[in-house]
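Next up, some structures in structure tokens.
Look for subunit A in each of the two complexes below; its partner is subunit B in the first and subunit C in the second.
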Partner chain A sequence: MNTHTIVLGVIGADCHAVGNKILEAFFTQAGYRVVNLGVMVSQDEFIDAAIETGAAAILVSSLYGHGEIDCAGLRERCIERGLENLVLYVGGNLVVGKADFGATRDKFLSMGYDRVFQPSVDLDGVLELLSQDLAARAGG
Partner chain B sequence: MRILSVDIGSTWTKGALFGTHRDGLRLLGRAQAPTTAHLPEAYYRVERELLKPAVRQPSEAPAKGRRTTPGMNPGSEAGDPDDLRVTWSSSAHGGLAVAALGLVPDWTLAAARAAALSAGARITGVYSYQLTPRDLEHLNAEKPDILLFSGGTDGGNQHYVSHNARMLRGLTPETVIVYAGNRDAAAEVADLLGDRPMVLAENVLPDLREPAPESAREAIRGVFLDRIVEGKGLSELVAHTGSAPHPTPLAMLEYVRALGETGRLGRFLCLDMGGATTDVYSHGEATSAEQAIASAGLPEPVTRRTVEGDLGMRVSAQAAAAAARPWVERLLAGRDLPIAGFDAWIQAVQADPARLPATPGELAFDDVLASACVGAAASRHAGRIEIVYTAHGPTELRRGKDLRGFSSVVCTGGFLSRGGDVRPAFSIMPFDERGRIVCTPADARVLFDRDYLFPLLANARFAAPEAAVNAGIGALQAQ
Partner chain C sequence: MEIVNKKLTDAQFDALRPQVLSSWPTGGDVDFDEGVAFHHDLPEAKRFPVALDQADQARRVLLQPRAGVALLEEHIALLQLLSTAADVLPTTIDAYTRQNRYDEAQKGIDKSRQAGHSLLNGFPAVNHGLRACREIIERVEKPVQVRHGTPDARLLAEITLAAGFTSYEGGGISYNIPYTKKVPLQKSIEDWQYVDRLVGRYEAAGVRINREPFGPLSGTLVPPFMSHAIAIIEGLLALEQGVRSITLGYGQAGNLVQDIAAIHSLRQLARHWFEAEGYSDFQLSTVFHQWMGGFPEDESKAFAVISWGGAVAALAGATKVIVKTPHEASGIPTGEANLQGIMATSQINSMLVDQQASLLPIVQPEIERIRREVNTVLRAVKAAGEGDWATGAVRAFAAGILDVPFAPSIYNKGKLLPVRDNEGAIRLFDFGAVPLDMDTRAFHAAKVKERSTTEGREPCFQMVIDDIYSISKGRLVGRPR
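Let's turn to the complex of A and B:
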């Protein structure tokens, strides 16, 4: 049982709610304290919630293809607001069309996200990675 | 049963004697006296006036003569003289001054601010993130009665709270700290503050989606009774009356809640405007259609209070004329009144707060000022809707309370009781400075508490809950 708090939400003007509910149920069952901000969440709302709840990670979803615009600058904003050590994940249909996922992943990694996922990802694998990344962050 | 209700305000101490009558209250007498530096003096004068044998007429006749309304019958029966209940409130000597400290402005600070307002406080300052030496200087200069100290959800951030507790060791002992932050940090905060007086309450925001103001509100009320009543010379009256006072805005908020729970006014807004401030109360939950709009920020309480210290008719006239300028300009233009004349009137009442309008022109300027205060205060109380363009087309994103579907606006307080039409004030500025829709009432009926009984009925409710509520609804009149 871990007691980490994580913040979930769908970024930007995106109102896709179903996947977000699934993630909330999944991570709650896995023992995380989940703060789910729902849909249409701004960068500052993610950061405000993470500061207030003492969260260790922010998991950003984007489903409507505008992910690149909405997600850019979140890492810098976290650092600016005192969250240097936060684990930052992003996943979903991050760009419009059938772009090569490798290129998309590199783009988001270079924006400062620790992990980038596509919609078909196996959530058990994500859980494993999250637990490793949180442990590494705590140790370092 | 007879009820003696007295409200000690900063300028006037007002009182009424009520008798229970069927399912409502009968007004047996009214009195008022200028509030004195030693607060009990004015109270005794009002009490003497009201309890002298055989009160036959209300001592202060309403402007348009006596009226009889279903819940509120002026009468002369003294009732059983032995069964007298005394209930009183005070907002004198600056009321209940509270500073709010939180972590993130939109979360714990917003929750702390809302909790303090719902306890009937006047907010003297708000502080977020880490307190700086300058913030502390400011707090020590302001000397609020209470600092409501929050920060972190339960299980959330502790770092800022610890830092702020360390800083607060330098806070003047005249200010009582009420800690209502992260539960996990409470013991450390108590340690850090040492033997400094502190009251522990439950977290105002234990979880981001569920503000919990009740415990902090009770703690503030406890401090008000234990410390502030004593400090303001009211303990003599506690001994005299055998009962403790209520902070006036708290009594009003609870009265508004009780009125709302009858369902007879629908969802409503209540405006209480005085010389120094405009208090706005709203009661009503969002409908399911309104909930369908995406919302951001803290969930809204069913009964909400805001208070505007820069919107008032006399002491704050100049501040109001500046803060509500867009309303003033449009209202003057609509009535073809000169701006220069209005500004001269503002200067005159600011210099002499006791000044009353004597000519039709002055009356018109006072009406414009009142409407402007109503417009600006309602606009600040109301939520905002922003149109966001999404992949599914334009979508509405709401922050704050949507009052557009509210059915009634209740006006009370010396200036509004008089009964000018304030409805246009709601629609003058449909958008705010950022182009968002302002969710003020769109099509509400306006009701007036013409005899300005609400604060006194709010007190009477503590003695006769149902009767006071029926009397209030009965006393309301349309235009």
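Let's turn to the complex of A and C:
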């Protein structure tokens, strides 16, 4: 089976470290080559790492509420730097306050993210979606 | 040159100050003497150290929420709302300001104005500046504390303390290791020596300002002895710089006996070590943080977690409790949800606060265990620093003598691995390089074994992950599904 490389990190000035460490363990165990940038990662650091490692996907986390500011423009920046086929996921508590998730999801889908997740998401389900999305990108 | 735990001289402090105040334009408005004069005119009801003292005398627990939004008027309105139920108030600072990223904080302010609601997770006090901060103190009738997570909090302290805030959270370890990735510990300890010295200068001018090291650290299965050791070191560093009102903190673990023992032992151990190191005229209090880990999404379930924290704070006799909200699983709460958390805590707290004494005999063995662990670790830190606590702290983290589970800092070893025992108390699964004695190790190993036998699985990382998510999924011990 093809081993994909994926880039993980917590974007912006966010220092929530626990879930990030668990995601690293989870995706590594699932057979991915995981490049974990840890907390407080800028958009350019995500892209640099994806380019350097030939990653097929970037999985962005944001837990502290500034996601709306930090995550905007990442898709455009990826395309500018030649990462046109990249799978881009985002998950966490993405906006300030308890909001309707449907509205939050639409907001981030329109920013160009392929999938948007809540913290309570079942990781096995994410694994399945990721493998589908990567296969679809490779095929297209 | 290695850092030493020595009071900054006036010359050293004054040499650093212009650079601190010029690191953002609003620093130019700071006037220490004018700040002192304003503090002298503050009524007692707005002074944090007075509230703490009165609470300890009366054996009651102060209730404090977290709260902060991007814009001044909204922030004051929020605090005025919370003031109807809380005893003492916060101003929680946004995450950009915490990393000294004032340009981005400004962007957050501007976007919040456009959006008509806060896009920041706290109040950007540096950008708003001294006059705005002063307005908070003038228009809110209770003591207000700065709560944040800032490794270099010097400018924030200069502005907010001159504005009239009477308590300041944080410390060179507790606002570095859990809050950032690559700030050297030596740098953050130095920067917090400055903050503590500033508080010491206010103290010398007759203005008492409370300091509160951040107890819960990563908030993720931190064993009490580790957070206690770090809290006591930060207390010692603060005392050396002239701080006299100190509140040490602890984050709820979930097991009743361990949590009560933790608050009792924290108070006893801090007093012991402070006096042993030659400090006598200090005012010591404690703060209990309601569960800092993941919360259930369902609000009724969240209220149960909040209330349990409120119950334990009362039974443990903490001076203050930091209150969570039914919105915790989604992040920043509305003012109304925040108020609900305080009301729930208030009810259970006042029902239990008179029942403390009956539980003391039960928790005594756990107090003894924590005491033994803390003393072992602190002696090792002091030895590592050849008698100096600042040098010792830096070297102890490098050696893994001090080690915070699940912290993001690269200066933290991350080898210490905790796990819950069969009753939900936090024990150690991997000791890393923490120098605990053989009897203590045997005790932890036996406790972990007991659980693994019950569950029919070997202790493993999955067990730790199960424990991290357990409360959000409705239980304390992360049993296999």
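What we mean here is this: the second predicted complex is superposed on the first by the 138 of 140 C-alpha atoms of A that agree within 3 Å, B and C clash if a C-alpha of one lies under 4 Å from a C-alpha of the other, contacts with A are read in each partner's own complex, and residues count from 1 in each chain.
Heads up, the rule we're going with is that contacts are C-beta pairs under 8 Å (C-beta built on N, C-alpha and C of every residue); 3 or more make two chains touch, one makes a residue touch a chain.
Being a predicted model, the structure only gives us computed values, none of them experimental.
> So in the superposed three-chain picture, is A:35 touching just subunit B, just subunit C, both, or none of them (first/second/both/neither)?
The answer is first: A:35 touches subunit B but not subunit C.
> Which partner does A:48 contact after superposing on A: first (subunit B), second (subunit C), both, neither?
It touches subunit B, and subunit C stays clear.
> For A:133, decide between first (touching subunit B), second (touching subunit C), both and neither.
Touch status of A:133: no partner.
> Touch test for A:5: subunit B only (first), subunit C only (second), both, or neither?
In the superposition, A:5 contacts subunit B only.
> Name the contact category of A:15: first (subunit B only), second (subunit C only), both, or neither.
Touch status of A:15: both partners.
> With the two complexes superposed on chain A, say which partner A:64 touches: subunit B (first), subunit C (second), both, or neither.
In the superposition, A:64 touches subunit B and subunit C alike.
> Kindly list the residues of subunit A that each of subunit B and subunit C touches, one partner per complex.
On subunit A, the residues that contact subunit B in one structure and subunit C in the other are 13-15, 38-40, 64-66.
> Give every residue of subunit A touching subunit B within the complex, in rising order.
Counting only subunit A, the residues touching subunit B are 3, 5, 13-15, 33, 35, 37-42, 45, 48-49, 51-55, 64-66.
> Which stretch or stretches of subunit A touch subunit C in the complex?
12-15, 17-18, 21-22, 25, 38-40, 63-66, 68-69, 93, 95-99, 119-120
> Write out the stretch or stretches of subunit C touching subunit A in their complex.
Per the stated touch rule, the residues are 94-96, 98-99, 101, 104, 107-108, 111, 117-121, 149, 178-181, 218, 220, 294, 297, 327, 329-334, 337, 406-408, 461, 465, 468, 472.
> Any idea which subunit B residues touch subunit A in the complex?
My answer: residues 103-104, 106-108, 152-153, 155-158, 205, 208, 294, 296, 388-392, 395, 397.
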